[in-house]
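Here the chain labels run A, B and C in written order, and each chain numbers its own residues starting at 1.
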Amino acid sequence: MRALTRHPLLRALFGTPGNAAITLLMLAGFAWALPPLFRWMLGDAVWEAPNRAACQAAGSGACWAFIRARFALFFYGVYPAPERWRVELGLLLLVVIGAGALFARRGRGWWLLVLLTVVPAAGAILLAGGLFGLAPVPTAQWGGLMLNVVISFVALGGAIPLGIALAFGRRSRYPVIRLLSVAMIEFWRGVPLLAVLFMGLILMPLFLPNGVTVDNLVRALVVMTLFTSAYMAETIRGGLQGVPNGQAEAAEALGMHHGQVQLLVILPQALRLSIPGIINIAVDLFKDTTLVSIVGLFDLMGVVTQSMKDPAWLGLAAEGYTFAAIVFFFACLVISLGGSLLERRFGEGSRR
Amino acid sequence: MNTRLKAHAVKGWLWQGGVALAVAALFYWLSHNLSTNLAARGMEIDFGFLAQRAGFDIPFRLVAWDGSYPYGWALYVSGVNTLFASALIIVLASLLGLALALMRLSGNPLAAGTSRTIVEVVRNTPQLTQIVFFYIAVLQVLPPMRQSITWFGSMFLNVRGLYVPAPSGTAYDAILAATCAVVVLAAVFWRRLGWHEVPRLVVLPPVLVLGAIIAGVTANWDYPSLKGFNFTGGTRVPPELLALVLGIGVYTSVFIAEIIRAAIQGIHRGQGEAARSLGLSSSQAMFLVILPQALRILIPPLTSQYLNIIKSTTLGAAIAYPEVLQIFARTVLNQSGRAVEVMTLVLGVFLAVNLLASAAMNVWNRRLALQGR
Amino acid sequence: MRGMMDLLRRGAASALAGGVVALLAASVAHAQLAPPPGPTVEAIKKRGVLNCGIDTGVPGFASQDSSGKWKGIDIDYCRALAAAVLGDPDKIKYTSTTAAARFTVLQSGEIDVLIRDSTLTFIRSTSLGLDEVAINFYAGQGFLVRKALGVTKAADLQGATICTVTGATLELNIADFARSTGAKIGTLLFDKAEEAIAAMEAGRCDGYTDDSGSLAGMRSTLKVPGDWMVLPDLISKEPLGLHIRSGDARWQKIVFWLDTALKTAEEFGVTQANADQLKATSKDPFVLRLLGAEGDFGKMLGLDNDWSYRAIKASGNYGEMYDRHWGPKALDLPRGLNNLWNKGGMHYTLPLR
């Protein structure tokens, strides 16, 4: 017994009676839950079958053949197959420039500028087409994971400047500006996203001049951007409060004006402090994009539920939801990892 | 200098006035469009429909309801449902969050690793998927109706929910309401009443229990029994509520766990060491020294998590929990066709609840911060 | 010093204003003027695309296959309409609409026609300004219940709990049924049919209710379809059909006569396969008029005479469409009311002469 507790790991696991009890309890829990899950997901799963009936005949586990049959649909929606290279090119652009902004040793500001200006413009031209001989693809044909990425990127890109403006507005010395900023922030933070999306869908036509219709996707983008910007404003306000007063005083002593001080001295530091919060918002935003399926857009979740209604594959909800959950898990993990990398990079800069 | 300052102030007001004017113009434009559009469709804004007979059934409610009540009352019934679910979720999420945070900090690598895995998996998957998952899981675990789990011959648990005897009667209502009022008032004004010596947590809970027992004795009890397809009588807690509480509770608990962990780690190490050197055990040091101090740091982030919970209950519509969005923005909107009025009310309710809750949390935060000094 | 500051502040203000203007400009750039509510056909021809509003997914009416292609009787109708008006059944933009939004979308001019297993009620017709031009599926609200319950008719469901989806007439019909017959039926309302079905299979409810066309599709999704039965009686009438905005007589006539042509084609035995041959060889004046070999019927609608011939070539006659989606090889729902009048059904069309 004594020999057993000598190894540090074993001591950590079984060192005290309490610890040993926790360890044994958890091991028992794993033994109970994991094997059936493993059997369903891998052991008894069926990877190749033409439809659900064949799938069920072949094995009692998950019917992954369903996912395989609709794989392209899950990623591109009904985006026309010959044009899918455009989506891939857009994604490649995003990944390369995004990685550049993360890893570049020099000129990171330029990379970020390109990420926030060139990428959206090029992405819009690539995806929507209609210019430079690219065939136009109506937004009704956009779908799948691509739509989640587009919505998150646009909403985040729009929410950061809007959030900065609102955060400064909330600290403004002018009461009217302050009041309007607070009202805007508290309104969007006080209502459920589902309710405002619903409202944007049903009521927006009523608030626009008669006969003007706005693309479904644009409506969702507007709502998501405004909703996110309120949360962004509060995060950035926290960052602004975290910058020591001495910074502003020192800058003003150097002869800078109020506006210069705020934009050139305070804001960069505040943004650096806000990075973890911004990353959390990005992860939440990405997960929340699944709610756009209620306004008739076919994002990944929408395509998954839609696929469950294909007469050949009816009734495979567990597989569909599990697949969506796994995709979201890894996508969000990538965002989080990128975020902590960004945090460390900017941290390095401040330590030097 | 003085005139320049004045000019400066004037400019400031001009600039504010311009913004205010622009916002007012925007609102005017929107409302003008709205009124022309409504007129073109022969519709008008009219909240009179709230007094009309609703005629639909609400499967779970805590206050009186049947089809003969008006639409307006449905907002109240579903609002109570939303708040009830939110309250349960807040309790569960806080406890679970604390447990996950303590597991993470326990020093047992298995517990810490499990906690970390749970946190990562839960916070990186969409909330709606988790709620649906818990709903299906709850329904799979509970037994079918004819094989209910029975306690004392009067409480039944099955896939349709938990059936318990329901108390009623005017004496019961009065005693219970009076006890609650006394306890709440005493809790709030404890200090002003000058009862410093006795901690309120020792006195008030027994008072509450005693009041409940007296009320229970005087009440008429309605027992559930199996008739036809369903149990009738008594009160039913539906599995939808359980699934919603589990789904949102687990989801929020991982965020709360991270908040608690950060707060505990933010307390200076010396505090724990000092407590240990005074002879406190490690759990005593945690619950008596570290957690009370951590509480102060974590109130602001905790507030926003609690507010998120209230808003997230709208996802209950996916699993048939009758909350505000489902009852009002779906059924009532569909039945009455009054989209603008209904959505205004729904947004208004959520705004009001959120602003009130955040105001209450601010007060609590200020009092805790003061006590600390 | 102060002047500089003002300048800076003004700069910040104009930057802010510029941002707002840019945002507005961007949204206006995306906004497009809808066609005026009169000459819908001209707008479709000019656009070259038919905007067809459909469901977000109900087997039999509209669902997507593995390649993302829409299938269902509503889709076949959209294709026939596009073929008749534009000459190409693929020139369609499908807009999926949720139950809550479908009529608003039609009203606002985003779509030309709504073919979405929808029932037009008195309230919808008068307060929303819409017309149901033709009926492509006669349904009624039915119940899918567990056989073991021993229930044989809807009135036996007194005290039972039924799962269903929210946002449709279903819950209202149940409430009306309860008021008129005294059979109080509890409902549990879900956002999506999948969750409602899963809850029902787990024993949370005694059954599921939907229109009879959708019930057939839902029954086939069950784990053990044999444990469940569809009750024979229907508690409501749900004539599902093709909707347009009121006030465009020409568009209304085209949609109406297209539906008539597809049903007439079945009555006279004209199919997708034999349309070419019959056009050349048939002696039946009805068939010849239908296929545009005789008369000027298409021109009188403002189209060309091959309009209905192209529609039949695109989607087949009504019977072929039904068989494709509800026939024995598909969802297997007996035709019942959806048969032609001379075979015991409800489809009794105006004469094409």
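Here is the rule we go by: contacts are C-beta pairs under 8 Å (C-beta built on N, C-alpha and C of every residue); 3 or more make two chains touch, one makes a residue touch a chain.
If you're wondering where the values come from, they're calculated on a predicted model, not measured in any experiment.
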Chain closest to the middle, measuring from C-alpha centroids that were averaged per chain: A
Maximum centroid distance from subunit A, chain identifier (CA atoms): C
Between subunit B and subunit C, centroid-to-centroid distance (C-alpha), Å: 40
Inter-centroid spacing, subunit B versus subunit A (mean Cα positions, whole Å): 26
Centre distance in Å when subunit A and subunit C are each reduced to the mean of their C-alpha atoms: 34
Where subunit A touches two or more other chains at once, by residue number: 198, 202, 205, 208
Residues of subunit B engaged with two or more neighbouring chains: 15, 132, 136, 317, 339
Junction residues of subunit C, two or more chains touched: 9, 100, 104, 107, 191-192, 198
Sites on subunit A touched by subunit B in the complex: 9, 12-13, 19, 22-23, 26-27, 173-177, 180, 186-187, 189-196, 198-199, 202-203, 205-210, 283, 287-288, 290-291, 301, 318, 321, 324-325, 328-329, 332-333, 336
Residue numbers on subunit B that touch subunit A, as the complex places them: 12, 15-17, 19-20, 23, 30, 33-34, 36-38, 40, 106-111, 114, 120-121, 123-129, 132-133, 136, 307, 311-312, 314-315, 317, 325, 329, 339-340, 343, 346-347, 350-351, 354-355
Subunit C partner contacts - residues on subunit A that touch it in the complex: 69-70, 72-73, 77-78, 138, 140, 143, 158, 161-162, 165, 198, 201-202, 205, 208, 211-216, 218, 222, 257-260, 263, 294-296, 298, 302, 305-315, 317
Subunit C to subunit B touching residues, read off their complex: 2, 6, 9, 13, 99-100, 104, 107, 123-124, 127-129, 149, 157-161, 163, 166-168, 171-172, 175-176, 178-179, 186-192, 195-196, 198-199, 202-204, 206
List of subunit B residues in touch with subunit C within their complex: 4, 8, 11, 15, 41-43, 55-57, 59, 67, 132, 135-136, 139-140, 144-145, 159-160, 227-230, 232, 239-240, 317-320, 322, 326, 330-331, 333-335, 337, 339
